Structures are given as structure tokens and as C-alpha cells.
Amino acid sequence: MNASLNTWSDALSELYLFGLPIGLVIIAAVPLVFIALYALTYGVYGERKISAFMQDRLGPMEVGKWGILQTLADILKLLQKEDIVNKSADKFLFVIGPGVLFVGSFLAFAVLPFGPAFIGADLNVGLFYAIGIVALEVVGILAAGWGSNNKWALYGAIRSVAQIVSYEIPAAIAILCGAMMAGTLSMQQFNLLQQGEYGFIHFFLFQNPIAWLPFIIYFIASLAETNRAPFDIPEAESELVAGYFTEYTGMKFAVIFLAEYGSMFMVSAIISIVFLGGWNSPLPNIGPLALNDWTTGPVWGAFWIVMKGFFFIFIQMWLRWTLPRLRVDQLMHLCWKVLTPFAFVAFVLIAVWEIYVK
Amino acid sequence: MEDTQENMPQSSEVIAAGKVWHVLREKFGDAISELDENPFMPFFEVRQTERWREIALYMRDSASLRFNYMACLSGVDYPEEEMLGIVCNLESLGHHGHKIAVKVKCDRNGGTIPSVAKVWKTAEWHEREAFDMYGMIFSGHPDPRRILCPEDWEGYPLRKDYQVQETYHGIKVPN
Amino acid sequence: MSEYFRDIGSGITTILTGMGITLRHFFNAVKRKGDAGIDEDNYFSQVDGLVTLQYPREAIPTPEIGRYRLYNDIDDCIGCNQCARACPIDCIAIETIKVTKDDLAVCGKTSGGQQKRFWVPVFDIDVAQCMTCGICSAVCPTECLYHTQVSDFSEFSRDNLIYHFGNLTKLEAESKRKKLEEEKKSAPAPKPKPKPKPAPEAGSDKDSM
Amino acid sequence: MGLLDANISKHNVLVTSVDNVLNWARLSSLWPMGFGLACCAIEMMATNASNYDLERFGIFPRSSPRQSDLMIVAGTVTMKMAERVVRLYEQMPEPRYVLSMGSCSNCGGPYWKHGYHVLKGVDRIIPVDVYVPGCPPRPESLIGGLLKIQELVRMEQIGISRAEALKKLQEKSIDPGQLIQDARQGVEAS
Amino acid sequence: MQELEKAEYSSVRVTPKGEDRVIIEKDLSSEEMILNMGPQHPSTHGVLRLECKTDGEVVIEAEPYLGYLHRCFEKHAEMVDYPGVVPFVDRMDYLASMNNDFAFCIAVEKLLDIEIPRRVEFIRVIVSELNRIASHLVAIGTYAIDLGAFTPFLFCFRDREHILNLLEWTSGARMLYNYILIGGVAYDLPQGFKKRTLEFVKYFRPKALELQKLLTENEIFVKRTKGIGMMPAEVAINYGWSGPMLRGSGVDWDLRKEDAYSIYPELDFKVCVPDGKSSDIGDSLSRHLVRAMEMEQSLDIVEQCLEMMPEEEGFDPKAAIPKRIRPKAGEVYGRAENPRGELGFYIQSDGKSTKPLRCKARSSCFVNLSAMKELSLGQLIPDLVAIIGSIDIVLGEVDR
């Protein structure tokens, strides 16, 4: 079954034109094109529009129809800006920081199944790899903050490191709950296990009465890992000017900006794969209306996972534009005294359920 | 300045201030001047400048006065008398509700006034401001620096004979 | 311990309340508040929804008494210099030349029918300095100096923000001045001034001759 | 753009159309520095807020000078502040623009005469591109000023200096105020 | 001579909830870092500069530096005549120009000893209370930004815009009005003002409730502000705090009641003091709550004034303005309740000139801010931001 589903990928990977591995390029290109489209235009643009509507404004309007070219203009402009490296900065770290950040946030896309066929690398430890590689961002942030030789940037970096490292724990335990339900760490396997004719009923979130708890815990922790409000203390504008990227100009800043949106989608994709069936259609077959069958397929798969990802991104934005920011110690309080104990409780309960009840 | 004597019935404010003044007169005698009973702002002057802090402390802590609130402390320049001075508007907030103003004067060149920054914390910045604008020294002030103008500003801007400096750090100052 | 759970509980409920509010605004974004002016009756007719006005294309009208760009109708100006004196920041510079008798008809009258007795070769308003306090227009006897509702008049150059309203060119001013000198010589007794006495601190105006 | 200045001749077709795209990008995403000094800062905030919403033009304030293209000097610059304004200006990456908002930063405004501690015009310390008069300018005026900056950006090219661009702008004399008027009348008519 | 007992002030540092405070562990010694906050910093509300000595996130000492917006108000007041001072007074606390003008005019009118027409008094109270709401909206909005919530800020500015429109309709300017003149006001209220203002009151009440739900009741907001920046009442009075700051510390003190100037004694409103249930008295949250409550009270006052205001046909609001304002010699200290506290003017007149001999503005922010050094001891940097926000400074008034 596993082999047959990946036939598209397999076939593509063996496609050689004029002796060049064109197929492999296409496999890599599909997510990249998506990333480019999403991150360059719709991620940032969507955020600006959504926040605007929540705040009774219009948002970008003048650049292109309804401002849809806004992000493109931003990126093009940032490309043209002077690239300042501080005299007192640690040049190596300063330059490498955004790169690590960007690579870290986009490496995880390698194991992201965009459909039954499209997956960059179907690792048997895919989930482990994904949450591990996202944490690589910490290195980038620390390098950026330290290399800038700016006190605000340093504060931002230190805060960010403390925050991301701490929130790894509840996040990992929550994900572990999902892994326990699935019995695998392969991303593609997760999807396959949640497949079924009743659509959303087969999703892990609805397969287990306690699954909502790790789901929520992971969602909250993922907010903190991507430095989104209310956990955006590393870039807290009112406190730290612009956090760890205070000193960055031009394209380096754009890279950091895009990396943030990349990891936003990444955590949203992970949560939808682990708990909400990834590329599976949520629609059930109701008698003659075989909605599930109709909405399943390679293209539909990509559609569903992107839609699920966008849904969580929407919630992330929604939270961001509603809530004030937590304080540093409250953030840690929430992590260690609230989320972690509850994650353990969820872990035990799910284990009990999986072993004795199911 | 010239006192304006009005033939109008004294307001309760002035009567209360008169009572305060009597208490102080009994305690400090000639150290304070007669009460100027103008209807807007009854005030007396501290004649023995060096006793100002003592008077202030008494005014704050004495049970019958309890001037716990300093509303305002303004520096004033008296070019004709060759004096600088401060005017303090005091009020007993929440206790008696009476108000009075106190004037303290000092010599125009290098004169000192005892600081009351520790009696009323309000005075700390107000005295710094008065120093900044007029240049009188507040002895015993915990932090005697300029507050509004830069540290290296020349002159005391609110003195009547102030001449603005031509440049500041290479930037032309006047228009 | 109970406080711990109460905090979590109240945290969740208040966050959900807040999210409800923002979501309501999100869905209200299909409605828009129009560009009704404050003096129109439908100003508060639409209380929910987007409030943004797309300025270069739509704007709410400025009220009639709006004080923005200062404008002088030089045809009505009698050169009394009161505005320049009243201005707390001296952003109005006026030079006047007394009109010689034979020129009175040429100089003309204001729209209110008052005979103008001064040429105003220089009437410069530095709108870059002006703080739109409205004191000058309040003292103007002929109401020729007033603030208009136009507020959007930015410039690339600072010099363009000094508005010249004078009604004579330099050459004309020179000839008028000469003419006045001649008349003065011929008639030594000066007439009483047709305007209130200037305060002693009045600036460089040349009308107090 | 020193190298480009020297090597690329003027009126090159390719350069011109590339210019147009690049200029379009720059003028569509002018990020001002959230740099409030005094009264005008409140009007600047009001312009950023819902009712006027500068984000329509892709203008949204950054708090770090490193990421901003435009400095809106909103308010009175004092002697004590002057050096810091210069430093902030120097921290901004090229190409950068300065909009002087309000009478105080235009020329000292109300504090022109007796303000011993007020800098009489921010153009004494940094080059100013657009002056927005008003005390404080209405949000509309600020938007008008920003549109002027956009006009200026549109006129710029690789190989010509900003002064030349200004001159060109004057020759072509596109008056944004006029455009605005026309647009408004068009709306009223319809 | 006995010195002031330091013990009285040590209470400033103690917060009731000890567990939330960060205790610096001495065996984990770290280097102190000097952190320069401002003058260009998003949360200093302008150009305040704080030089913080920090140990990690903990601020050991924060020294405010002022003067970055010192616009020489007092010099100008001595240089221009009385009506000309009013525009400069506007520019002091640019968020509440009406209230500033009101305070200044009260001081000068005391000196001039003139009678103000009753309708003018009503107009003054209406516009200054509207401006108070606008000012508190900015205070609350920027406080929300300081704490990371952007949306409430925009909601506040959206509602403030309506007030600005109302005031522009009345006075001709959006922010700096020069409307309340010595002895009168510049214009009578426009036609339909009453109706529109009542509509605004009706519009604003639910919006204020929404703001309360969105921000004030939010658990994160409460956690960020409760118990932060404690100021006991005694110390607050000694520091000369006034206005919402002092009331936040539980002192029932409002100049509108105490001095009973203008027509305030005829109006029915209450002085807002936190009840101590939802906040600890004297903390940042109390001050925020006082502002929120005061907006409600101001709405009530506006409604009452519109009811009670005498209607006069062809009313000339400038009738009582003296032709030439030249007060007799004397000194006066006039004050009024500004949104930020007591705004007082000490004016000295020599009886000869049309210019004040000395005009000192006792600004509320200046005094309120002076407690910053003590309030910031041992706080975290985010708390420092929360405290500055709760003081609600307007640098124009601090530096003048």
C-alpha cells in the first residue's frame, strides 16, 4: 500500500530528460513553488488583510487590485535596500543568522506530505525530523541576536532561545501523544492511518476522547515556537524595538520575515497532519453522496493540507490581533507549570486509552 | 511684587491661610514675613532663607498643618531686587484642605536655597527645573543637575537678561 | 490550587471573549462607514464595519470653520497690520506704502466699501510656520485674512511655502514710494492716521511714518 | 549606487523599464520609522489608525531605523534631540527619504522666534524631501505628503540624482494635489 | 535637622504578590548592563529617555532623562501677550488641549476677575470633557500597544476620531484648538451639535464596553498589570501625584470636586476610585481602571451639560472677552483637572504689560513621572514598559 501510493513520486524521481534528473527537480519544485506563492504573497498579505478587517480598516489597497501585489513590492524593495553590517557586529554570525533561520524553517518542508504522492522524503522518523529541524531556528536566532551586537537584539535572542527550548517540551509530549495513537513517526503513515470513508471521524482528534488536550497544548506551544503573539516576546515591538532582528536591513530582514511565515505554516501543517488527517478529506461519505471519495486524490490532498494549514494560520493571526503579550516569567510559568503537567496527564490518559480501552 | 489690596470680603481660603500663618508665626517668629492676603493666592515669604527646610518639615509634619502636598514650585526672577526666588504652592490634601503659598528668595549671583526635595519628593524635579532655568543652587539636593536643557547648555534661559547662545554642538541656535 | 485552575479558567474564557469580538469585527468588514461629514444627519448611521476612508478618492468634508491654509484676499486688505501684530509667532510680514491722494481711486475700495489707504507691496505668509491658531483672522477688520479648509498642500521646497500676497511688484512699489515722498514734501502737515495706534513693539512695518 | 551611476548611460531603454519596476516596488512599500516627537506624532498615529489607514499604500511603521525607508520627522526637534535625529537618519539604509511633518520640523514653527531650545527646521541637520505644512497637519495632509514622496520616487532613475529627479518632476509638474482634486471630483460626479 | 525617614518609602518596592517578583539570586552573579531606552523607543510615548541599569531582565535602576521636547513654553509665555499664550498652552499637553486651555483661562480669569457667561461655562465643560474622553482613549490605546495588543489601540483611535470630528466642527481644528479663550470661547456650538453629541454618547457606550471586554478583562492584560508599579497613597501624595494616578492609589481627590470650578458643582458625577476587587489599589491596573471609569463619568457629564445648557438665540461667546487683556498686578495659581492630573498655572502680572511677567506651568505628567525612578526598582523590562504606560505621559507636557 505504501509503495503504491508513492508511485507518483517514484515515477517522477526516475524521470530523466536528456540525462538530467528533471523528476527530482519537479518533486522539489512543487513545495518550493507553493512556499514562494504562499510565503511571498499570501502569507504576509493575508495577515495584513485579516488584521485590517479585524481592526475595522481596509489594509493594503493601492498596490495592485486590493493590494495583492503588496508583498511582492515589499520584497522587491527590500532587495534594493542598502545592506548594512554593523562595524561592531560579529560579521560571520550576523550573516549566517538569517540563513540558518531560513534553512531551518524550510528544511522541514522536506518531509511534509502534500498529498498521497507528493512528499519530498518519506522518512520513517519524519515527525521527529520535522519538530527537530524546526528547532534549528534557535541557532539562527541566537546567531542573529548575538552577532548584531545590539542590546535589544541580544535580549530578543536570549528570550527567544529560552522560550523555544522550553516550549519544545510540552510540544514534543503533545506530539508524542499523537505518535502513540498512530504507532509510527512517518508523516505519510499518519495520513494513511487517518484515511477512511467517514472523513473527519477517522481523524485522531475524534478517535480519542482525550486527544483534544494534546491538540490544544501543541497548538499553544507551536505559537510560542514560532514567536507568535501572545508569545512574541522575542520581537516585542514595544519593549525590544524589533527584537533579534533590530539591526537587519534589506534582504536579510526579508529572509527573517519569510522564515517566520514559513515556520508558521510548518507548525500548522504538523498539527493538521498529526491530529486532523493531513491531506485526507474531512468530508464523509453519506449514503449515495460519496463526498469523501470525490474529494480524495493527489490534487485534493494538496488542497486539503494547505487549507488546514491556512485554517491554523488564520487562528494564529486571529489570536495575535486579539491578545496582549505575556511577560517573560509568565511565559515560563505557562510552559512549565501549566502546559507541561497537562501534557503529561494527556500522555498518560492517552496511553491508558490506547492500551486498555481501544 | 506689589501687593494689591482689595476691598472684598475675605474668602475662606484666605481665612484658612491666615490660621496657618498664625501657627507658623508662633513657631518661627520673624523668620517668616507677614501674610499677603491676596484673594487668589495668599502667601508669606521666608525671610531667613536658611531656615526654609526646617519650616517646610514643620509644615509637613505638624498635626495642625499637614501640608503633605506640594502643588507647584516655580522659580522666579526679580531683576530689580537682584534676587531669584521660588514660589511653593502647598496644600493639605485629605487632612485639612487649606492652601498657602511660600516664597523664598536668594541672591541673584550664586545664591543658595535649602532644598526641600526630601520633604516633598515633588520638589526634587521642580528644583532641578528651577536650577535649570534660573541658576539658583539648592543646597542639599540629592541630584543637582540640569533637567530640561542639555548638561552643556550655556546660561539660564528664563532669567530676564538671558542671551541665547549662537551655536550648540555646531548647530545654529537662533533663527 | 483553586486559584491555579481559576486562572486557567478565566484565561480561557476571557481569551475566547476577546476572540469573539475580533471575529465579529472580521465578519462586519463587509459593511463600511460612509464619508458623511459630522454635520450630516447620517454621520452615525453605520456604527459597525470598516471605517477607513480612502483619502485621495474619498474624504469627509472639513467643517466650514476649519482652520488650515491661511489665505489673504489682497483686494480687501487695507494694510492695517493688525494681523502681523496679533500673530504670536510673527509668520506674517507686511510692508505698506501710504496711498497718495491722487491714487486713492486707483487703490480702490474693499468689498465692504471701505477706502483703502495703503498699498501692500509685501504681504508674505510663511505657512510653514503658521500654527493655524486663528488669532490673525479674528482681528482682521475686513475679514480678508482667513483660514481655508484646504489642508493638503505639501511642497518639495521650503521656499514654496512662503506665500506672497502683495499687490504690487517691486518696481511699482518703488514708484509709489517715490510718489509718496513727493507728496509729503509738498504737504508737510501729516493727516491723522486712519487706523488704531500701533503698539510700541510693532515690528519692522513701515506704515508708522 | 555609485558604480551604476558611472557606468550606465542615461535614457537607456532597458534601464528605464527596470527602473520603473524597481521604483514601483519602492514607492509601494515605503516603510516609515515610527518616530514620534510631539503633537504631530499623534496625528501620524491617527493616520496609521483605522480611519485613514496608511497601510492602504503599503506604508506601515517599523520601529527599527534599519528597516525603514522613510523618516517622518513628526514634531519639534530640539537641540537635545537633534544629534539623535541625525544618528537615526544615519542608521537608515539607502535609499532613504525624509518627510518633515508639521510647522515645527519645517522651520521651528511656533517656536521660531523665542524657542531657544528648538531647532529651527530639521533641514538644518538632515536633507528633507517633502515639507508638509500644518500644525499639526491633518491626516489628509500627511497622506498628501506621502504621495509626493511617491511621486519623487517614481521620478528617480539609476544614474540621476535626487536633485535632478526633483527638477524633472517640476518640469513634468505632476501635481498630486491636482490629481487628488480630479479624483475627488470624479467620485463626486459619479 | 531631622532627615526624612527612608523607611516610609521602602513600601514602594513591596508588591503584595511576592511570588511573581523575580528574586535576583546572588550566587548567580551576572554583569550589570546599561540599557538606553529611548529617546526613540516605541514604548516611551515620545522622546523620554530612560537609562536602565539591568541585570538580565531585571531593571536595577532606571533614571529618566527629560528635555528632548523642551519647547520653552515658559519663555514664550513671557514673550507673547495673554491671548497669544493660549495656542502655546494647547501644544503643551497636545492630547488634551481643551483642558489645558481651560486651566490657563481659569488662572488668567482669576487674575482679571471677570464674569463668564453661563453658556460659555457649559460649552467649556462639554468640550473639555469630550477631550478628556479622547485623551483617555489615547492613553488606553497606547497602553494596549505597550502590552502588545494592537487591536484595542486602533479601536480607541477609531472612536477618538469621532470626538475629533465633533471638536473640529465646534472649533475648526482637529487637535490643537485654541478654542477656549480668556473670557469666552471662540465660537458658539454649531447647529445640531447637541443631537450629534448625544448620538456619539449612544454610540460610544457599547464601544467602551467592548473595549473593556477585549482589553481590561483579558486575563493576560490583568496578569501583566495587576500588582505592577505599586504606589501607596501616602507616597503618591508626597510625590505630588494627581488625577487618575492619585485616584488609582485610592485617594478620593478630584479638582473638579475639590476646587469646584466652573459649573462642576452643579453636575452629578462621581470621583472614580478603584474598588480594590479587580485590582490591587495603587497598581497599574487601578490606574487603567480609573481612566476607563472616568470616560463613563465624562459621558454622563456631557449628557447632563447638554440637558442643562441654556439655549440663547444669537449668543455671542466672545462678549465677555476684554478688549485688551492687561491684568492688574498680582500673582495667581490657577488649576484645573486635566486628564493626567492637576494642571496648574502660576502667573505673575506686573499690571503694566499685556504679557505675563512669569508663567509657570505645573504639569501633571512632569510630577507623575518623577516617581518613575522609584517605581522601576527591581522590575522586569516588560513591567517597566507597563509602568510607563500606566503613568500615561505626554512628553509635551513633561518638558514643556
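Order of writing sets the labels: A, B, C, D and E. Residues in every chain begin at 1.
Here, a residue touches a chain if its C-beta (ideal position, glycine included) is under 8 Å from a C-beta of that chain, and two chains touch if they have at least 3 such contacts.
Small disclaimer: the values here were computed from a predicted structure and weren't measured.
*Asks:* For chain A and chain D, which third chains touch each of them?
*Replies:* Expected: C, E.
*Asks:* Provide the labels of all chains in contact with chain B and in contact with chain C.
*Replies:* D, E
*Asks:* Please work out which of B-E and A-C is bridged by more C-beta pairs in contact, and write that pair.
*Replies:* It is B-E, judged by the count of C-beta pairs in contact.
*Asks:* Give me the ID of the chain with the smallest distance between its Cα centroid and the all-protein Cα centroid.
*Replies:* So the chain sitting closest to the middle is E.
*Asks:* Looking at C-alpha means, what's the farthest chain from chain A?
*Replies:* Between chain A and every other chain, the largest centroid distance is to B.
*Asks:* Taking each chain's centre as the mean position of its Cα atoms, how many Å separate chain A from chain E?
*Replies:* Chain A and chain E have C-alpha centres separated by 45 Å.
*Asks:* Distance-wise, how many Å sit between the C-alpha centres of chain B and chain D, to the nearest whole number?
*Replies:* Going by mean C-alpha positions, chain B sits 46 Å from chain D.
*Asks:* In whole angstrom, how far does the Cα centroid of chain D sit from the Cα centroid of chain E?
*Replies:* The mean C-alpha positions of chain D and chain E differ by 32 Å.
*Asks:* Cα centroid separation between chain C and chain E, in whole Å?
*Replies:* 29
*Asks:* For chain B, jot down the residues that touch at least 2 other chains.
*Replies:* Those would be 148-150, 157.
*Asks:* Where in chain A do residues touch two or more of the other chains?
*Replies:* In chain A, residues 54-58, 61, 237, 241, 321-323 touch at least two other chains, as defined above.
*Asks:* Give the residues of chain C touching no fewer than two other chains, as numbers and ranges.
*Replies:* 15, 18, 21-22, 50-52, 54, 62, 88, 131-132
*Asks:* Chain pairs that touch, all of them, please.
*Replies:* A-C, A-D, A-E, B-D, B-E, C-D, C-E, D-E
*Asks:* Which stretch or stretches of chain B touch chain E in the complex?
*Replies:* Per the stated touch rule, the residues are 1-2, 4, 38, 40-41, 43, 53-54, 57, 68-72, 74-77, 87, 89, 93-94, 97, 101, 118-122, 124-126, 129, 133, 146-150, 157-158.
*Asks:* What residues on chain E touch chain B, complex-wise?
*Replies:* 1-4, 66-67, 70, 72, 74-75, 78, 110-111, 234-235, 237-240, 251, 253, 258, 328-335, 342, 344, 346, 348, 350-351, 357-358, 360, 362, 366-367, 370-371, 399-400
*Asks:* Within their complex, state which residues of chain D touch chain C.
*Replies:* So the residues of chain D in touch with chain C come to 50-53, 56, 103, 106-113, 121, 123, 128-135, 137-141, 143-145, 147-148, 152, 166, 169-170, 176-177, 179-180, 183-184, 187.
*Asks:* How about chain D: which of its residues touch chain B in the complex?
*Replies:* 79-80, 82-83, 108, 112-113, 116-117, 119-120, 124-125
*Asks:* Quick one: in the complex, what on chain E touches chain C?
*Replies:* Within the complex, chain E contacts chain C at residues 76, 80-81, 83-88, 90-91, 151, 158, 161-162, 165-166, 168-169, 171-173, 176, 178, 186-187, 190-192, 196, 199-200, 202-203, 210, 213-215, 217-220.
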